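Multiple structures are listed underneath, in structure tokens.
Each of the two complexes below includes chain A, the first together with chain B, the second together with chain C.
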Partner chain A sequence: MRFMLLICGFLLAGGAFAQSDSKAILAKIDAQASFLDSDFSTEIVMTTTKPGEGVTERTIALFRRDREEKYVRLRLKPDSDKGKGYLNIGNNLWLYETVPTRHFTVTSAKDRFQNSNARNSDFTRSTFAEDYKIVSQSKEKLGPFDTTVLNLEAIHDDVTFARTKLWITPDNLVRKKEDYSLSGQLLRTSAMPSYQEFKGRFIPKKVTIIDALMGKTLNGVFRNEVTEYSMGKLSTDPLPSLIFTQSYLEKNSQ
Partner chain B sequence: MGGIAWRNFVLQFHRYRVLATALVLGAIVFTVLFGVTESLTRTVREKAARYFSGDVMVLGMKKPADWIIHDEPAIELAFSASDLNIAYHHRRSIYYEYDAKLIFNGVSLVQRRVIGLDFAVERANFSKQEFVEGGLPEGALPEDGLWVSNDTAQRLHLRVGDEVVLMVKTTKGFRNTITLHLVGVFQDSSFFGFASYLDYRTLNKVLARPPEAITELGITLASDGDSDAGAKAVWRHLKSVVPTLPWVGTLDAAYAWSDANNPTVTTYAVLPLSGRLKQINDLIQAIYAVNALLAIVFLLVVAIGVYNTYQMIAFERTREIGTMRALGMQRGSVVSLFLTESLMLGLLSSAVGLLLGAIVLWSLGQIDFSGNLMTQMFLQKGHVAWAWAWPNVLAVVAVMWLTTLTGAIRPALRAALARPVEALRQE
Partner chain C sequence: MRLFGAALLWAVIAGSTWAQDSTDSLFTNPEPDSKADTTQKVSIDPFNGRSINFFESLDVQGYYISGYRQDGTLVNTPVDALNFGFGTDMRLDKTARAYASLYISYPTQNTTNTYLYNPYQPEINLTNSTLSFSEILVKELFLDYSLGDAAIFRLGRQTLSWGQGKIFNPGNLVQGIENGIAAKMAAALGPVNLTVVAIKNDSQYNITNGLALDSLGDALLLEYSAKMFSLGASGFYNSNVGGKLDGYVKTSVLGADVFVETLWERGTAGQMSTTGVAGLYREFGDDTKWLKLQTEWLVSGEGSTGSFAVVSNENLGFSDQSLGVAASTEALNFMSVKPSVAWLQSFADGSGQVIFGIVSTALPHIDLSMALTSVYGATGSRYIANNPDSEDRVWSLTLKASFNFDIKSSDGKS
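This part shows the complex of A and B:
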């Protein structure tokens, strides 16, 4: 009896350790991609390829103040989108449109970003440790990388995807990510093969998002919709608080 | 009198020809007009009742909204206790967001409404959909079966048997998907065509609702049923049994009540079909208004024509009237004779008009209007459904007889009042 209790205790302790260890991995991933001690700004160049429909190119300015859960995204290109943007404060995300009239509408971090395959939540700080629990993990070779594969399940309903799968290299960088629906249908795959180090953080040089469901069959072969983006002009210079206001977006559009 | 009137009517028919033609044309126009109107409105109502949950429907209001009906036996009891002539029952679980997507071969299409049916209850009604491909197979239906409109099928290039992904948000807001097999394609490119149908348990599964959850119960009344009166009757029975909203009449008003009162327990709203979609109701009212206007204008034209023609006929027959009076016929008999002739004219013209109108109406029903998207809402399989609006047609026949009588009575009285000698002098 005493032996059985010992075994159970050992297993429970082992499970708790494994869980806390996994949480620690997620927290490290988050820490490497978040700027809680400074502001962060960057310029994102994004292309979306819709098979048979051509390529759309966009340039977006991103301003983040992670410690206050605030960010602003301004559309810089194409010219027809200039002046439009997003403002996020806490759990509220507004979309500022200029056509047909200048107005704000409430939108969701879970929604698509500008008809691309990216979601609004792709541009916020990383919050894996707060949003997900690890349900399983394994080791896998991903091209040249030795990775740990984590299967995650959402622990609350504020996340965009109920299930997600991460391929993480020993340096705690996410090299590949698959997002699933609640029923387990693959919705999209993201690849981040290379990173740039910036002020002690790691920013993907290029992110490629492949939509698993959307695309077109061309010449008998199914081609997925793909969105690629890269981040340049990185900065941690302090940003004026005025940027994170609706009036800034209004003023910027004039 | 009848024999003399008939003899006169036959002998004088050359004088009545113009009048008879006008009356026949009138009867044709009214038969077609009322028949088409009845067909269009009946079709719209039928489609709307199938799209929404019948003529009378019950929804559960609660904050936060879960839509689930917890008192089904009480609601069913209210339906049966309301002494209504029920044609169909509806039992459904519905996705209330407007972001449901069907995805096939890389292309997605938003559906305005995704309806989970309890086919054990709704099979008979759903089988009335106009299937252009596939349909409702005999026996047990596939759990992952999907039925879409031809418009959706065309846009997604879907064929029966294809695997389609349905993407919705669960009750907790997670994006979720399910793979379904297309079983049937029904014809509807109208407002009601942007709906997909599947088994309610399958929809509950993808929405993460309890497997047997139902969010709408309803009844379709027999064709002569009044949905407003029916809804009120159900509401009166239901309100004494379970928490029920005050009579609100429309869905918007029900939402407003819910926002104002924040019910923490499921409180039921009883709504008539007209309260679900004001635009459809307005459209039907507009059709009736245009119809009534046309009918009044046409009747006025016919009445004036009849009156003038009878004046002429009475004038032309003055000598004949004088002869009859000279032979001893009383004034009252002369008036009766004229009126009987006019009644015969009305009867014969209406009968011929109704017959020809029915033929025109039937011929109209043979024309395929399905190419015109604007008219889809009003058509069945692209055709104007046969509808014989008896009360309206009979009312028109009665009005036409009355018009003929009114047109005949004054000239008949004038002719009867003339002195026989003066009448005989008339050239």
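This part shows the complex of A and C:
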């Protein structure tokens, strides 16, 4: 009996250690891409290719105040959409619409961003340590990179993807990411082969997202929808608090 | 045999994975990591130069409504409507903007607002049978001014809506602003957002001598949002009708957006009432939302006649309770078809309405829709008395086709 209790004690202690170890590993990944000590702004140039439908191009201004979980995305191009914006505070997401009347709609942060393959949650700070636990890990070669592959499971419902798989290089940068539904269906694959260092953090030079579900069969072959985006004009200059309000979106709407 | 089956299964699984994932080529010779270019930064003012935009829209609608009144009379109504909107959006620099949105409609209509759960809105004017267009009407006409990064002002005719309810919205303390003129200021006080509005709308506030400053309806809203919660408090006062105080909490529970809102009202004769509304919104489905569900519960002390008045004039002690449920699905998006259902029920008198709707957007610029509506209850009950159908049908089928387009042009280029 004592032996069984001892075994259980070891298992529980091992589990607790694994959990805290998991959190520490994910926190290091989060730290590489979060700006908790300053504001952050960038310009995102995004293209979405839909097989048989052509290519859509957009330019978006992204303003982040990670420490308060406040985010604003404002469309800059095309001109017809200029000024349309999203405000994200914590779990709240407001979209300002002008048709048929001026009003704010609350949409899900899990939703697709502007009919692309990116999700609204792609443009907020990295929160793997708060949202996921590591359930398994392995080593894998990814092109020239020696990576640790982490299989993650969400620890609460307020995440975009129930399961995620990360390919991490020793510098704690995510080079590849696969997102899955709760049932294990692959939803999309993201690749971030190269990073740019900025004020001690690392921002992907280009993100390529291949949607596993959306696409079209052309000439007998299924072609996936693909979204690519790059981030430039990086800055950590302080931003006015007025940016992170509904009135800022209203002012810039057309 | 078992081995062959397993091999076949592996081949299928592996094959599908390879077919879906083609990011590997991006890692064959990746660009090395490097320092970021820090010579440029994105402007917080997307409109920082002089610009002028023109816009036009045309909305042509044809309805056919067929249904029965409570006494069994069959009423069929063909209706056509046309709305032509036009306007300009001028920006002088990043601080100043002038905006005008005007429209002409046929037949003459009192409102251009649309209501989510009511296929009869905007209200159809059946009395005007001759070919008669409205005068040029003002939808919006305002001036914006930004005082540096401190505050944003808007002056003129404008639209604005407060309150958390989508089905019942007693917390909209600025109701009627779209039919008057108003001055609004928005500012950020640390983490709190402040909005102050002064509304001039004499008919809304039953004012006959409208020159005095106290004819204005004054409203203030404070909002604070953090990770899990969004909190708000607002107030309204007009010397002729009385005052209101409103507070709400919004959060997320098990993937659903949940809110609770309470409203206290005090009329000029001292009558008081309290109204509460609670609601939840939940989407089901990972990628395609197979169900979007909205539910709201209204507990009102205002009575059936006061709930939508500027300030209530009676207190029925919370006897007036109503339930609203609305649901829609994206499961048929691949066919460009969107079905929805809405049910409103008043428990005070047992009346209610149910609307099944389906909209097809398969054709460019053209929406085809069908709505099946049932309004039920005793004579004089809330939904019978306030039947959204001006012909008082209690069972009806609406078929509607609408053609619409919008055009914008910037500095003369479309």
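Just so we're on the same page, the second predicted complex is superposed on the first by the 233 of 254 C-alpha atoms of A that agree within 3 Å, B and C clash if a C-alpha of one lies under 4 Å from a C-alpha of the other, contacts with A are read in each partner's own complex, and residues count from 1 in each chain.
In this section, a residue touches a chain if its C-beta (ideal position, glycine included) is under 8 Å from a C-beta of that chain, and two chains touch if they have at least 3 such contacts.
Computed from a predicted model, the values in this text were never measured in an experiment.
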Answer with clash or fit: chain B and chain C placed together on chain A by superposition. clash
Looking at A:S80 after the superposition, I want to know if it touches chain B, chain C, both of them or none. Which is it: first, second, both, neither? second
Applying the document's definition of touch, where does A:L213 land relative to chain B and chain C: first, second, both, or neither? both
First (chain B), second (chain C), both or neither: which does A:A154 touch? first
What is the contact status of A:L239 with respect to chain B (first) and chain C (second): first, second, both, or neither? second
Of chain B and chain C, which one contacts the greater number of residues in chain A? C
After lining up the shared chain so the two structures overlap, which partner does A:E225 touch, if you call chain B first and chain C second: first, second, both or neither? first
Going by the contact rule set out at the top, does A:S181 touch chain B (first), chain C (second), both, or neither? both
Answer with first, second, both or neither: which of chain B and chain C does A:L142 touch in the superposed model? second
Taking 97-105, 295-303 or 385-393 from chain B, which overlaps chain C after aligning chain A? 97-105
Shared chain A surface residues [contacts with chain B and with chain C]: 110, 157-158, 162, 181-182, 185, 187, 213, 222, 224
Interface with chain B, chain A side, in the complex: residues 51, 110, 154, 157-162, 181-183, 185, 187, 213-217, 222-225
Listed in rising order, the residues of chain A that touch chain C in the complex are 41-43, 61-63, 68-69, 74, 76, 79-80, 82-83, 89-92, 99-103, 106, 108, 110, 142-145, 157-158, 162, 175-176, 178, 181-182, 185-187, 189-191, 193-198, 202-203, 205, 208, 210, 212-213, 222, 224, 232-235, 237, 239-248, 250-252, 254
Note: in the complex, chain B contacts chain A through residues 103, 105-108, 165, 167, 170, 172-179, 206, 208
Please output the residues of chain C touching chain A within their complex, sorted ascending. 17, 19-24, 26-38, 40-44, 46-47, 53, 89, 97, 112-114, 140, 144, 146, 149-152, 154, 158-161, 178, 186-188, 190-191, 193, 195, 225-230, 250-252, 254-255, 257, 281, 283, 286-287, 406, 408, 410
